[in-house]
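Read through the structures below before going on.
Consider the two complexes below, in which subunit A is the common component and subunit B and subunit C are the respective partners.
This part shows the complex of A and B:
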């Protein structure tokens, strides 16, 4: 953790404290009331959703940016801690927020890595600019490696990365994320009957706060609109 | 990060489940005076001696470890309430009693770090262990009833740690049944097109716990 020592003048300290309070009020994390969610809480929910979902969800760019700012302010404001207790508690809180942020970003990266081709061609909304760059670079490196070590040694018709042979009519070597998996979820608003799939007319009545294990495909729209929480 | 768990089956490690639980609020009675804490996750305090206040569980445990407070045991962790829950669990073989979602993690943390604040702590510890055993036994027997026709499972009142324990197995089982059973369902439907469609073929919903209104 960066420490600035006792070099800053008290005027600067005051201004920093004021800035911190203001930005907290803006972000809605002041006062300890539970009506407005803190960014840390929002990040925790985003992290949980991302972990439980089999596909990559939309990147929470605004949330990540705000949280990084708050963490930065908190780190910078460390110099005025004279008490060991206060400082260690602040560190714990900081560590918790950092863990959420780091885990969220790494989780997304590992999901991207699992399906490089698929995410290389998706819309910009889903990936952050850095993730997009990561995806392109990984894809390039992987393709180059595969080509050099293996594909160039195969007969010409079989050298494609995405198709088994030139006679394939679609990209049969590529697998999109497996959305048929089952997830644990809890509705947080009244949802009522939900049609499970197109095959039959299986209807599950979703009651608030009851725990269900459902196919991810059936609940994707509800997850996106936040009416159902992934556990 | 070394502790990162595998995302492919939506797996949370036990430590991660505990991490989520540590944000639950709990009441403490500080024995020191301290200014308000302006943390990223919220503002707490100011702390005055003998005045109870609510803080997140991680903060409570940290303060307790440093001897700065005592933790007020939550109401559901009393011997009376837990005995009631245990009896009710034993009486209903297919239903789970309502308990706080993070009861396992909260009780584990309190028993480990604040056992001197819990009245009749040995009784509480053994009751909670019994409750956990009975509930998990129900989960296991419920798992045996999952058949190939399961499209959804309802698990009313299951707690976070129990969900996490059962998640990998249940997801794999449901996926495996799904993979191996659906082509047969389609073939059967085609073959018996002339017959009246049977409800059985469309898949039954298996509840691990009945709902009583």
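This part shows the complex of A and C:
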């Protein structure tokens, strides 16, 4: 890429710029048989999956970290406005990648917020360390508010946040996320017959690249292993 | 009694537009709380000195009171929780400081909750070093047309300085304009 003008002629800057361009299109770490894709594409897929799934999926820590590094590199090296068109295109690309990242994080926050108790006690892999902190602090703030404005005013034995009364034998006021919602999905590898429910009555044959509308519960395991894509 | 008033409270809430809140109905709320206390008193008087095993009319009467309290609790919890959800959305769509007309609709605990929620979100964003409250919609243009709402003065953006006087129009890069827009000092001018 030619540089106009008499900016620093040091070879170091040239090399840095080349590295930057390469790292922006760096191959993501794909699985064995899947075709390799860029980090931005991988982020877009992770974002789409997170948007479609009714429950929180595993946090893509590595992907987020790599994407942030690349965005930072792009932002840092953007002093030279060589040709306005190219530079504004690059800006737009940067903006869109940043939007993907932020939207992904916001989606996850809203899911955590909807089921604070549930996610506060799940394994560490599902949430990033910052999300874990967020969950606990938010839980603390919410329960304090509810306790102060409502629960402490109710008759004794009815003041619990998680149980209707002291005669309940389980946390009947708390609900885990609903996994029964329907999702659009498309298998990307051969899956074959899938049992839709525990009774074994409904069996669906999943063919590669065909579009299906199924309950999320039936395909949870397949989504987690990446054999089926959510649209 | 028997959760009728609590249901009215919820009806008031549901008749409001999505994302908006009616003023906190402290009177009705207190009435429902007093109803719960009354139910509790009746409950205590019905089971006092009675053998817990006898299934007579007092036993079932006390059960009705217990269920009424549970129902009231459920309605009140739904009321408070729904309001809390809307308050959370204020941080994302309105900002850190609430305008007077919204503040007046919240009771004291809700105002405190808003402040606490803001600080929880802010510490999460600080940990990540990302401002998640900007870029809420997919960006269409790297540059935006903006109108300055309040006097900002001379600002150095990139390699040139811009004088941001009130009611002036500018064509700025999105990243430069975002912080001002989110603080309410500028607005995006859409044709």
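We adopt the following convention: the second predicted complex is superposed on the first by the 197 of 231 C-alpha atoms of A that agree within 3 Å, B and C clash if a C-alpha of one lies under 4 Å from a C-alpha of the other, contacts with A are read in each partner's own complex, and residues count from 1 in each chain.
By definition in this document, a residue touches a chain if its C-beta (ideal position, glycine included) is under 8 Å from a C-beta of that chain, and two chains touch if they have at least 3 such contacts.
What you see is a predicted model, and the numbers here were worked out from it, not measured in a lab.
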Which superposed partner A:148 touches (first subunit B, second subunit C, both, neither): second
Touched partner set for A:195, first subunit B, second subunit C, both or neither: neither
Which of subunit B and subunit C A:74 touches, first, second, both or neither: first
Contacts of A:162 with subunit B and subunit C, given as first, second, both or neither: neither
Partner chain(s) touched by A:211 [first = subunit B, second = subunit C, both, neither]: first
Which superposed partner A:96 touches (first subunit B, second subunit C, both, neither): both
Residues of subunit A touched, compared between subunit B and subunit C (which is higher): B
First (subunit B), second (subunit C), both or neither touched by A:106: both
First (subunit B), second (subunit C), both or neither touched by A:181: first
Common ground on subunit A, meaning residues reached by subunit C in one complex and by subunit B in the other: 88, 92, 96, 99, 102-103, 106
In the complex with subunit A, residue positions of subunit C that touch it: 33, 36-37, 39-40, 66, 69-70, 73-74, 76-77, 80-81, 84, 88, 107, 109-110, 112-113, 116-117, 120-121, 123-124, 127-128, 130, 132, 134-135, 138-139, 141-143, 173-175
Of all residues in subunit A, those that touch subunit C in their complex: 88, 91-92, 95-96, 98-99, 101-103, 105-106, 109, 113, 130-131, 133-134, 137-138, 141-142, 144-146, 148-150, 153-155, 158, 164-165, 167, 173
Subunit A to subunit B touching residues, read off their complex: 20-21, 24, 29-32, 38-41, 44, 48, 51-54, 67, 70-71, 74, 85-86, 88-90, 92-94, 96-97, 99, 102-103, 106-107, 110-111, 114, 180-184, 196-197, 199-202, 204, 207, 210-215, 230-231
In the complex, subunit B residues that touch subunit A: 1, 4, 7-10, 12, 16, 19-20, 22-23, 34-35, 37-44, 58-59, 62-63, 66, 68, 151-158, 160, 163, 167, 170-171, 174-175, 178, 182, 185, 202-203, 205, 211
